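Got a structure for you, questions after.
The chains carry the letters A, B, C and D, assigned in the order they are written, with residues numbered from 1 in each.
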Amino acid sequence: MESKEENMGNMQSPFLIVNPKSYLYGNESLKLAKAADQAAKDTGLPIIFTCPYADVRMIRENTENIIVCVQSMDPLTPGRGMGHVLPESLKEAGADAVFLNHAENPKTLSDLYACIRRAAELDMTSIVCADSITEAKAVACMNPDVVLAEPTDLIGTGQVADDAYTMEAIDQVRKVNPDVLVVVASGVSTAEDCYNMIRLGADGTGGTSGILNAPSPAVRIREMAEAIVRAVKASD
Amino acid sequence: MESKEENMGNMQSPFLIVNPKSYLYGNESLKLAKAADQAAKDTGLPIIFTCPYADVRMIRENTENIIVCVQSMDPLTPGRGMGHVLPESLKEAGADAVFLNHAENPKTLSDLYACIRRAAELDMTSIVCADSITEAKAVACMNPDVVLAEPTDLIGTGQVADDAYTMEAIDQVRKVNPDVLVVVASGVSTAEDCYNMIRLGADGTGGTSGILNAPSPAVRIREMAEAIVRAVKASD
Amino acid sequence: MESKEENMGNMQSPFLIVNPKSYLYGNESLKLAKAADQAAKDTGLPIIFTCPYADVRMIRENTENIIVCVQSMDPLTPGRGMGHVLPESLKEAGADAVFLNHAENPKTLSDLYACIRRAAELDMTSIVCADSITEAKAVACMNPDVVLAEPTDLIGTGQVADDAYTMEAIDQVRKVNPDVLVVVASGVSTAEDCYNMIRLGADGTGGTSGILNAPSPAVRIREMAEAIVRAVKASD
Amino acid sequence: MESKEENMGNMQSPFLIVNPKSYLYGNESLKLAKAADQAAKDTGLPIIFTCPYADVRMIRENTENIIVCVQSMDPLTPGRGMGHVLPESLKEAGADAVFLNHAENPKTLSDLYACIRRAAELDMTSIVCADSITEAKAVACMNPDVVLAEPTDLIGTGQVADDAYTMEAIDQVRKVNPDVLVVVASGVSTAEDCYNMIRLGADGTGGTSGILNAPSPAVRIREMAEAIVRAVKASD
């Protein structure tokens, strides 16, 4: 594929995120990871695959092309910290990237900034979620590799996230920090949705339920990856 | 060795806990786990070994005799819960036991009870920490496999945890729930300390810094295990 | 009224809890507090009235008979602790009692025990919520004045909390600690419900929505108080 | 005094912050509030005075010139939220301003943004703490009235916060959002320190221990206020 040849920090644009959250673990997670790995190999598109902490090493050892990503981590360094998620342990097990501040696991501002710095120290790609455009701008100030903007600003307003919202989110984040890649993913469930997001200017997109609820999740991943590749070609 | 032949819930008494917290991870953790595994084999004593989530599978695959234990977990079931520690993922990776409510990672009362139940559902041994004798009694009501009582009741009082405190802690917890095993471990750093704890009636003991700061942590683990075996024989 | 003449710790049995949560504040809270105060005076029944922290002093200065209760607090002592709720500040403002560990604001086990002790030090009545009978027993070990058991054990089971559940909750808590008063309040919305709870053996009961959604909340409080008094007489 | 006649959002620059945290409450808090009130009246300088939630109404009723400020709040609206700090209750009691995200009570990014919006809706001045210049910039994106930058970036580096740091913090925050007022207060303990901070360009300054540990806290407040007034005149 032709790429935008952007490589800001640790991450190349565009990319696909496959995020099974805690729906999959162990062998089921590995199985989908292998499908994502094959799709990444065949399309040349970077694919970020999230998994439980306990599955990082197994997935890393059995795949070659995906970016293995954990769902969160804590800002501690080796030492005490019983019960916390040590970044060094994830890195040594094979994690390449980390999600931070997901709405299901929010971080304090200070912990979030500390985690972004810890990821950078360990050469792990940081993908930081934000519930609104304003929060996405705040996140961008802290210089993560990727900001994932979810339009929960719109929750309860009766509006649906539309193209104008997506373009606005991308534009606002880039104004604050042009080096940060921007992902908009809310409501994305089909290859067509992925195509549209990339055409609107997002550096990446992806999903959870859109993939897991597809007739074949493996096929859905491939379709999404191919749609992103097509969207890039259409932009050239 | 002769054992008390107690096997309450998932755990046999007595036992040793080797808890490197976040001081060790990856290959360093595996190395000490193997030493603990050999000590468990040679002495016949059950040894609980804690490790980071990302190391569970590797340690389980490379040891036979230790009880692989994670440092905490969350009460969720498979599904959403991005960024949380799914019990099923730990179990499938090979975790046999879980620490809960350590002072460095405290749980709300409700989450703690939910985690104890989740551990039981998955046939994982639950080891629950308590900062005082009173909290240890409260924990015992929730029927975990093991209560680990740390005498922080005494913090700031100028007193040191002594034999009387240890016996009191054990006695009080057993009154509330005779099926719960009791560990007292604060300040334990030598084989002699372990011997004493078992002689005083504890079902288990162990440590972190006493092992990691020893001239040879592997030797210290073996010495501790042998001391516990001697203490049991002396009681018979 | 005739009372059971029990006065365990700070609280006399039976009693009524009026808990407007964050639905009322300022003048609206004061208005209902005055109605509760009149009902307490006329019936002789102790009535616990909860209010926002900022309203404690105003309500205390304008009532004589109610037990003014805050919705939570933190375990700190005077000093640092910016942004936390200092027990001494509540006591000096006129708070007589404190709710702890409500499902909408859960506490860690350690903080909960520390708060119960802080309340005792300041001669404030501690009312501790528990989501299940098992948690209620754990709470009772920590010797609060009152345990409030909510049958969320039953959530998702398709069952409704019935008389057997209520009696079981009361019985189990009393076995652990006969000095702790027991409240069962879930689903209580009418005077009839209050009458039934006291007849089943609860030391207190009360509600939020059952009072606030009544045609006249003031009248509903009076009806509930009178029903509790009748229940006690019926027991004699 | 001559003022910069800036009135951004709810707050006029410059100003002094008197923050007794949880060291003072009740009558002791009121006594110092009255001293601050007199100093505000005599110097014409806006003085922000923080107090426990339970003291807001009493302090507001007994002072005329200070800006009464709470130490934190929660983002909820009237309704459920048992045990949380309802912004409406603070406003009705007389709070004019709110501290948010203090290092002793950190907020998640989402809660922080929600609290800033809640403060704006209620016409309360929001003063948001940040542990580093980077976090201060992130905070500024969320458009609070005041950002309070504490140089904990420097913690552990062996350096002391100096004039260059202060000017850098002010400059960086203003670049992100010129409408936000900037406070630098770490280590400020004397009138001379206040003078210097304002001369360096801060919109406000203040302290806790520098005031409470002074031979006379009331005199120290007056000296600080006068120093800020002098600094403004020197700048004209």
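The definition used in the following text is that a contact is a pair of C-beta atoms (placed from the backbone, for glycine too) under 8 Å apart; a residue touches a chain by one contact, two chains touch by 3 or more.
Predicted model only: the values in this text are computed from it and were never measured.
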Completion exercise
Per the touch definition, the chains contacting both chain B and chain D are A, C
Practice task
Quick one: point me to the chain whose Cα centre is farthest from that of chain B.
Solution key: D
Problem - Intercentroid distance (Cα basis), chain C paired with chain A, Å - result: 46
Completion exercise
Rounded to the nearest Å, the gap between Cα centres of chain C and chain D is 36
Fill in the blank from the handout: Shared-interface residues of chain D (touching two or more other chains) are 103
Practice task
Name the graph shape formed by the protein chains and their touching pairs; answer line, ring, star, complete or other.
Solution key: ring
Exercise for the section: Give every touching pair of chains, nothing left out. Expected result: A-B, A-D, B-C, C-D
Handout entry: chain A - residues contacting chain B, complex
Key = 19, 21-27, 29, 50, 52-58, 71-72, 76, 78-86, 88-90, 92-93, 95, 99, 102-105
Fill in the blank from the handout: Counting only contacts in the complex, chain D reaches chain A at residues 101, 103, 106-113, 130-132, 134-135, 137-143, 176
